[in-house]
Structure formats: C-alpha cells, structure tokens
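Right after this note come the structures.
In the two complexes that follow, chain A is the common piece, with chain B as its partner first and chain C second.
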Partner chain A sequence: MDIWEKLNTIDRRWIYLLMFLSILFPTIFVMKFPIELTPEAEQLYNAVEELPDSSVVMLTFDYYASALAETEPMSIAALRHMWRKDMKIITLSNIPLGGPTIAERVTREIAKEFDKVYGVDFVNLGYKANYVAVMHGLASSIESIFPTDYTGTPLSELPLMEHVKSYDDMKFIYCVADNATVDYWISIVNAQYDIPVGSGVTAVMAPKMYSFLEAGQLTGLLGGMKGAAEYEKMVGALGTATIGMDAQSMAHLLIIFLVIVGNVGFFMNRRKAKDAKE
Partner chain B sequence: MESFSFLEHFQIWLKAYLILSLFSFMYKDNKFYKLSEHVFAGLSAGYYVGLIWQTVIIQQLVNPMFDKGEWWLIFPGLLGLLMFARMIPKWSWISRTSLAFYMGSTAGIYLIQTLHGFILPQVLSTMVSLDPSNGFAATLLALIIVIGVISTLIYFYFSKEHTGFMGVTARVGIWFIMISFGAHFGYTVMGRISLLIGRVQFLVYDWGESIRQIF
Partner chain C sequence: MRTTIPIIVAFLAGTLLIVSFFFHPETIWIGDAKEVILQWMTIVGGFALVLGVVSIVRVNARAVQRKSEGWFYKLMTVISVFAMAIPAMMPVTKESVGGSIFYSIFPDSWMGYLGTGSNSFYDWLFNYVDAPMMETMFAMLAFYIASAAYRAFRARNAEATLLLFTATLVMLWRVPMGEAFLRLFSDNLPGYINTYVMGGFNVAVQRGIIIGAALGAASMSLRIILGIERTYMGK
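Right after this comes the complex of A and B.
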C-alpha cells in the first residue's frame, strides 16, 4: 500500500486531532496576523460614527450561546463604540435561549468601563416570544410589548424609557444575530418603518446578507469572526475575535492543504486503478 | 486576572467538563457525551417553558387582564387553549378554529412583509444601469448582476425544455448557483471553525486560569 492509498483510508480522527492542534497552538502563542478591513464593515462603523452623540440606538442580541465565539465580540465592540459616543442603548433578544442573559451580562460588564448607569444609559428589554409580532408592536408602543424590562422593573420606572416610546425615538438598529431574525429586522422594521438597520451575523449567514447590502436595505455588515475582528480593530479595542483570527487562519491553511492532498490522492489512486486495468 | 470565587471555579469546571464530554464524541460515542447531550436537551426545554410562561402567559395575558382590566384578552387566551384540543383525537377538530385564525393573520402579515421587504427592493436592486459612462468596473459588475439574475431565473424555469438558447443560458445559471454555493460553503467552514475556536479559547484562557489558581 503506497502513501496515496494510505491517505485514502486514513482514520478521520487524525484530521480532527490536526484541526484541534492547528487551533490550540495559535490560541496559546498569539501571532497577531494582520486583519484587513472590508468596505461593508467600514460602512457599519461609519453609520454608527455618523450618528449624533447621545442618540438612542437599539442593539439586539439575537443569538444563542452556541454562536458566542462569533457574535459576542461584535456586541462588545458595538457597545464600546456606542458608549464612546455617549449613546443610549436599548437591548433586546428575539431568541429565548442565551440572548437575554448574554445581553444582561455583556452590557453590565462593558457599562462598568464607561461608568454607565442602568435605566439611564441603557435598558435591557429581555425576550418576548413571536418576533414578528414584537417587531410590529415596537413601532406603536414599546411598553405594550415589554411592560417590564428583563429584571421585571416596569418601563415607567426607568428614566431612559420616558423619552423612548417607539422606533420613532431611535436612530439606528444594530442587529447581532445568528439566525433569520435579521431578515425580519430588514423586511419589517427597515422596509415598513424606515429605520436604518446594520447587522453583524455569523459566517454561515453572511453570504445571504450581501443581497440586502447591495439593495441598500442593510447599512453595513459584519460576517462571522472576521467581521467581529474588523470591528474590534476599528474601535481600537482588540478582543477574542482578533486573537481567534490567528487560529482561524491556521485552520484554513490546514483545510486548504488537506483539500489539495485529498484531491491529489484521489487522482493518483484513480490513475493507478486505470493503469492496473490496462 | 481577578481570582475566581468558588462558584466561578465550579461554573468553569462544569463548562469544561461538558465541552470535553461533547468533544469526546469525535473519538467515539460514549456515556459522557450522552449525559451532556441529555442535560442540554432537558435544561433547554425546562428553561423555555419557564420563559414562555413568564413572558407571555403572565406578562401578556394574566397581568393585563387582572391588573388593567383588559378582559378582551380572554378571547386570544381561549384560542390558545383550544390548540390543546389536538391532544384528544375526538376533539382535535376544535383546534382548527385557532389554526385558521393564526394562518389567516400570518398570511396577511407575511404578504405585506414579503412584498415590501423582499421582492420589491430585491427586484429593484437588479435593475441596474448598464451605461458605460459609469466606468468600466461599475458596468462590468452591473452586467454580471443582470446576466446572473436572468440565467439563474431561466435555470428555474421548467415550463420549456432546457435546449438551445434556454439550455445554454440555464448552464450559465448553474455556474452562478455553484459560485454562490461555494461562497456559502466557504463561509460555513469559517463559521464552524469559529465555534471550535471559541471553545478552545475558553479551555485555554478560562479553564487554564482556573487550574492555575487552584494548583
């Protein structure tokens, strides 16, 4: 049995091990590969940058805990960017598992860096089932959909919510998502209520989002960990996405190598079989 | 880094155990993997039921009725209750009333949303100018969009046999679809690798720090 035949029958667990090691080493020994900015990430950054200081914006945490590696760095970088401009942030989640608690943990953690006060500078509305109804309902009255915030405090007792009653009082919606809710922010809130929507999504969703970007329905896009790393770079606060991009690059190099080796092996074996037949 | 409390250590070790148990499936199926999988399924279901009960039934139905006197909410509440009739075969037909209401309202909402939010803006964005005075790059990109949209649509047009001009155009459409699949696949690989990176970062940084602090 030659090397190509051996490769053809290799136990896939060796590939899992190689993949794990290709991620483990750059995680331990950070190399800081350069990160190039894409126009769509810059567009999102500029859209937030151009908003007047102290604007009210909505930041959504529409993602499950499973997508944390890609989406959480986006939310953290967005919070830092917005609070640098002293913006008032309303967070909510259309995802029951993960989103509301992640929003609570992340916003309170970053709020400490900027001395922001809950109820005055930010409010977490939490989760409500049926996001289509929620998105339509927020256009007429936030309080009718969310009588209380995530912790059960009535909205009437939160100073920020005295001035924010519906989408009309918001300048921008920054949607971080790992699922189809972003389609609805675009097709309902942007299309019907004319609020600009920018988005950070998982890599799996990113290709689909480009059609919305091209059509001008989306104001900027972050795609996966790469998008998160770009935003971290623009905000100037490097985080887990930037560190993760080293491992990402190494894993991609390994995949490219394996694809080439796999294909060469396939053709070599095929030629060998053909020669044996002749 | 701040030193972890006992509870934080416990949480980190529990997370690390669950992650490693789930990863162990890559070697082969085992009891650790099964236990972690069942814990996840059970916790998710329990959490979801509790969340819906609190945020929908209590906040949107019970509280407005009893605190604000919005007694008309009894009608949507009853419609929701009727859905449970599906569990009794003899009375399952009753649930169709709720389903009919739900389907009717959903169809109305989605019709407007799909037209306004998807079809019209997307069609509009493919109606691009091919005027060469816009510059070579802009014209080329516009041309690619026009050819891509028309050829892909023709590929999905099944009322005429794909021969001759239709066949050639459909084959061009396949190329555009394949390139799109390639982009999706590439991004999907990147996404899945990112998830693994997230867990490895947790094991190296958080669990590693916890181990360092304990030992």
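Right after this comes the complex of A and C.
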C-alpha cells in the first residue's frame, strides 16, 4: 500500500485530532489577524448609528442555544451600541427553547454596564407561539399579543410600554436569528409595515440574506462569527467573536488543506488504476 | 362532518386574512377580524405546543412501561420535560393564580426559584444543562465536516471542480487569516469575492430558490383554502 492509498483510507480519528489541535492551538497562542470590515456589516452599524438618540428599537433573540457562539456576540455588541446611544430596547423571541431565557440573561448582564433599568430602558416580551401571527399582531397592538412581559408583569405597569404600542412607535428592528424567522421579519414586517430591518444571522444562513440585502429589504447584515467580530470592532468592544476568529481561521484552513490532500490522493489513485488497466 | 368543518374553518380563516390584507379595517365590513384571527392563531399555537408535550410524554412513558430498547433514555426525556416545565409553571408571586395557596404551604424564599426569571430553577437548568448540551452537539459538527470534506469533496467533474474552487475562495474570505492570504495576491480580491460571488452568482441563485418556494407556498395555501389539499387532516 503506497502513501496515496494510505491517505485514502486514513482513520477519521486522525482528522478529528487535527481539528481539535487546530482549534486548541490558536486558543492558547493568540495570533490576532486583522478583522476587515465588509460593506454589509458597516451598513448595519451605520443604520443604528444614524437613528436619533433615545429611539425605541426592537432586538430579537430568535436563536437556539446551539448557535450561541455565532449569535450571542452579535446581540451583546448590538446592545452595547444601542445603549451607548441611550436607546430604549424591546426584546422578544420567536424561539420557544432558549430565546427568551438568553434575552433575559444577556440584556440584564449588559444593562449593568450602562446602568439601565428594566421597564424604563428595556423590556423583555418573551415568547408567543406562531411567529407569523405574532409579527402581524404587533403591528396593531403589542399588548394584544403580549399582555404581560416575560416574567408575567402586565405591560401596563412598565413605563417604557406606555409610549410603545406598535411598530409605529419603533425606529428599527434588529433581528439576530439562526433560523427562518428572519425571512418573515423581512417579508412581513419590513415589506408590509415599512419598518427597517437589519439582521445578524449564522454563517450558513448568510448567503440567502444577500438577496434581501441587494433588494434593499434588509438594512445591513452580519454573517456568522466573522460578522459578529466585525460589529464588535466597530462598536469598539472586542468580545468572544473576535477571540474565536483565530480558531475559526485555523479550522477553515485545515478543512481547505484536507480537501486539497484528499483530492491529490484521489487523482493519484485514479491515475494508478488507469495505468494498471493499460 | 369531520372533513367539512375543518375545510370551512380553513376557507373562512384564509379568505378573511387575504381580504383584510387589501382593505383598511375601517372601510370594510369585516373590520378588525384579522386582528382577532391573529390572536386566535397564537392561542391555537399554544395548544399545539401542549399537544406536542402530551404526545412526547405518552410515547416515551409507554416505552418506559414496556422496558423497550433504550427505555432509560426515554425515562430521562420524560423526567427532563417535567423538570423544566413544573418549576416554570409554578406560581411566582403570592398575587399570581394559586399563589396564596402555594405560599401558605411553602416558604416565601422559594419565590426566586420559581417561574422563568433570572436565577430561577428553570433559568439554571437552561443555562447550565440544556445550553451546554446543545452547544456541544453543534460544535461536534466541525469534526464531522472536516472528515466529510476530506472524503467526499472531490473534483470529479467540471461542476464539482467549480463548486470546490468557489467554496475554497469563500472559506478563505470568511476568516481573517484567509483574507490576509487572499490579499497577498491582490488587495481587491476579498472585495471581488463579496461583490461577484456573494452579491452576484449567489444572489441570482438564491432569488430563484426564494421565488420558486414562495410560488409553491402560495399555490399550496390556495389548495388548502379551497379544500383541495387535505393532508393537514391526515388524509
């Protein structure tokens, strides 16, 4: 068995070990390659930046815990950006498992940095089933869909909600998602109720979002952990996405290396088989 | 009857929503029927969740009772369902429904642990048990992707080679180290990938898929409203 045949039958555990080391190495030895900004991430940052101070915005936590590494840094950076401009933030989730809990934890954690008060500066609406109905319903009355907030407090008892009754009272929707809900924020809320929607999504979802971005239906886009790292850079508060970029870089390079080696082995074996036939 | 009533409900709900989309509530006799239907939809959605929970408990409890293969994991599923649901549904304050009875039996210091707020038992279970498990499962994909890429991503023909080349470029472009490598060839290369691959070829294909799916969804909705499509009734 020559080297090319051996390469074709390599035990997959060696590949797993290589992947583990490629993630471990940059975690220990930080390399800090520069993070270049993409126009779509800058567009999202500028859209928020151009909103008047103290505007009311909606930040959605439409993601499961499985995508936290990519999406949570986006939410954190967005909260920091918005609260630096003293914005009033309404959070909700269209994901039953995790979304509202993540929103609760993340917003209260970042609120401490900016001395923001629950009910005055931010409100967590929580989750309600059937997101299409929720998105339509919020256009006419938030209170009809969410009579209480996430912890069961009636909205009428929260000072922020005295002035916020529907989308008409909001300036922007910042949707962080790991699933198709973002499509509906665009096709229902942006298209039918004319409120700008910006989005941060997982890397696998990002290609689809470019079509909405090019059409002007989406005001800015963050794609995956790289998008989150770009936003962290623009906000000026580096976080877990920036730290994770080295590990992701090494993992991507390893996969490219493996694809090249796999293909070289494939062609060498094919040529050998052809020679043997002749 | 079992067929006719669901068809009538689907027809009325669908037609009302379509009609109300094109008219202002004040100018049409159905008024704000759309809003009422949307509220019903969230309530029905809530009941669908309850049905799901009942179904998962029934199926797994039966398997545990019969001690069928993997019964222990099924038992863990049932325990997990209740472990998350019960503390989250318990009365949070004395003023809430059933609260006065609950707190006359149990100490007031339990208040913080019940419900779904910060520091509650539900919150703890989610943050320290559920979330790490979900993240671990997702993170393991990196290992499988690496192995699959090595074994299956072959330049067997022109289409596969084109896909391979494009994927490699995009993978390099999406990470800082890869971007720095691309800049060795030209400073504009990352920008070109963004403009022509993501904003060009990708958008063209994605739009085709999105429009096709939307047309499919519209025709399927019409079939349901008109009672032609009945698979949602299990037929």
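Here is the rule we go by: the second predicted complex is superposed on the first by the 278 of 278 C-alpha atoms of A that agree within 3 Å, B and C clash if a C-alpha of one lies under 4 Å from a C-alpha of the other, contacts with A are read in each partner's own complex, and residues count from 1 in each chain.
As a working rule, contacts are C-beta pairs under 8 Å (C-beta built on N, C-alpha and C of every residue); 3 or more make two chains touch, one makes a residue touch a chain.
As the structure is a computational prediction, the values presented were derived from the model and not from experiment.
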Fit or clash - chain C, chain B, common chain A: clash
Thinking of the overlay built on chain A, is A:S166 touched by chain B (first), by chain C (second), by both, or by neither? neither
So, does A:Q43 touch the first partner chain B, the second partner chain C, both, or neither? neither
Should A:S55 be classified as contacting the first partner (chain B), the second (chain C), both, or neither? neither
Chain touching more of chain A, residue-wise (chain B, chain C): C
Touch check for A:G224: first (chain B), second (chain C), both, or neither? both
Quick check on the superposed pair: does A:P96 touch chain B, chain C, both, or neither? Answer first, second, both or neither. both
Which partner does A:A191 reach: the first (chain B), the second (chain C), both, or neither? first
Classify the contacts of A:N269 with the two partner chains as first (chain B alone), second (chain C alone), both, or neither. neither
Looking at A:L18 after the superposition, I want to know if it touches chain B, chain C, both of them or none. Which is it: first, second, both, neither? second
State whether A:A67 touches chain B only (first), chain C only (second), both chains, or neither. both
On chain A, the residue positions that both chain B and chain C contact, one per complex: 16, 19-20, 23, 66-69, 96-97, 126, 128-129, 132, 136, 203, 207-208, 211, 214, 223-224, 226, 248, 251-252, 255
Given the complex with chain A, which residues does chain C contribute to the contact? 32, 34-35, 38-39, 41-42, 44-46, 48-49, 92-93, 96, 115-118, 122-123, 126-127, 130-131, 134-135, 137-139, 142-143, 145-147, 149-151, 153-155, 164, 168, 171-172, 174-180, 190, 194, 198-199, 202-203, 206-207, 209-210
Along chain A, where are the residues that touch chain C in the complex? 10, 12, 15-16, 18-20, 23, 31, 33-36, 38-39, 64-69, 96-98, 100-102, 104-105, 108, 126, 128-130, 132-134, 136-137, 140-141, 144-145, 150-152, 203, 207-208, 210-211, 213-214, 223-224, 226, 229, 245-246, 248-256, 258-259, 261-263, 266-267
What part of chain B is in contact with chain A in the complex they form? 26-27, 44, 47-48, 51-52, 55-56, 59-60, 63-64, 109-110, 112-114, 116-118, 121-122, 124-125, 180, 183-184, 187-191, 193-201, 204-205
Residues of chain A touching chain B in the complex: 13, 16, 19-20, 23-24, 27-28, 66-70, 96-97, 126-129, 132, 136, 147-148, 184, 186-188, 190-192, 202-204, 206-208, 211, 214-217, 223-226, 240, 243-244, 247-248, 251-252, 255
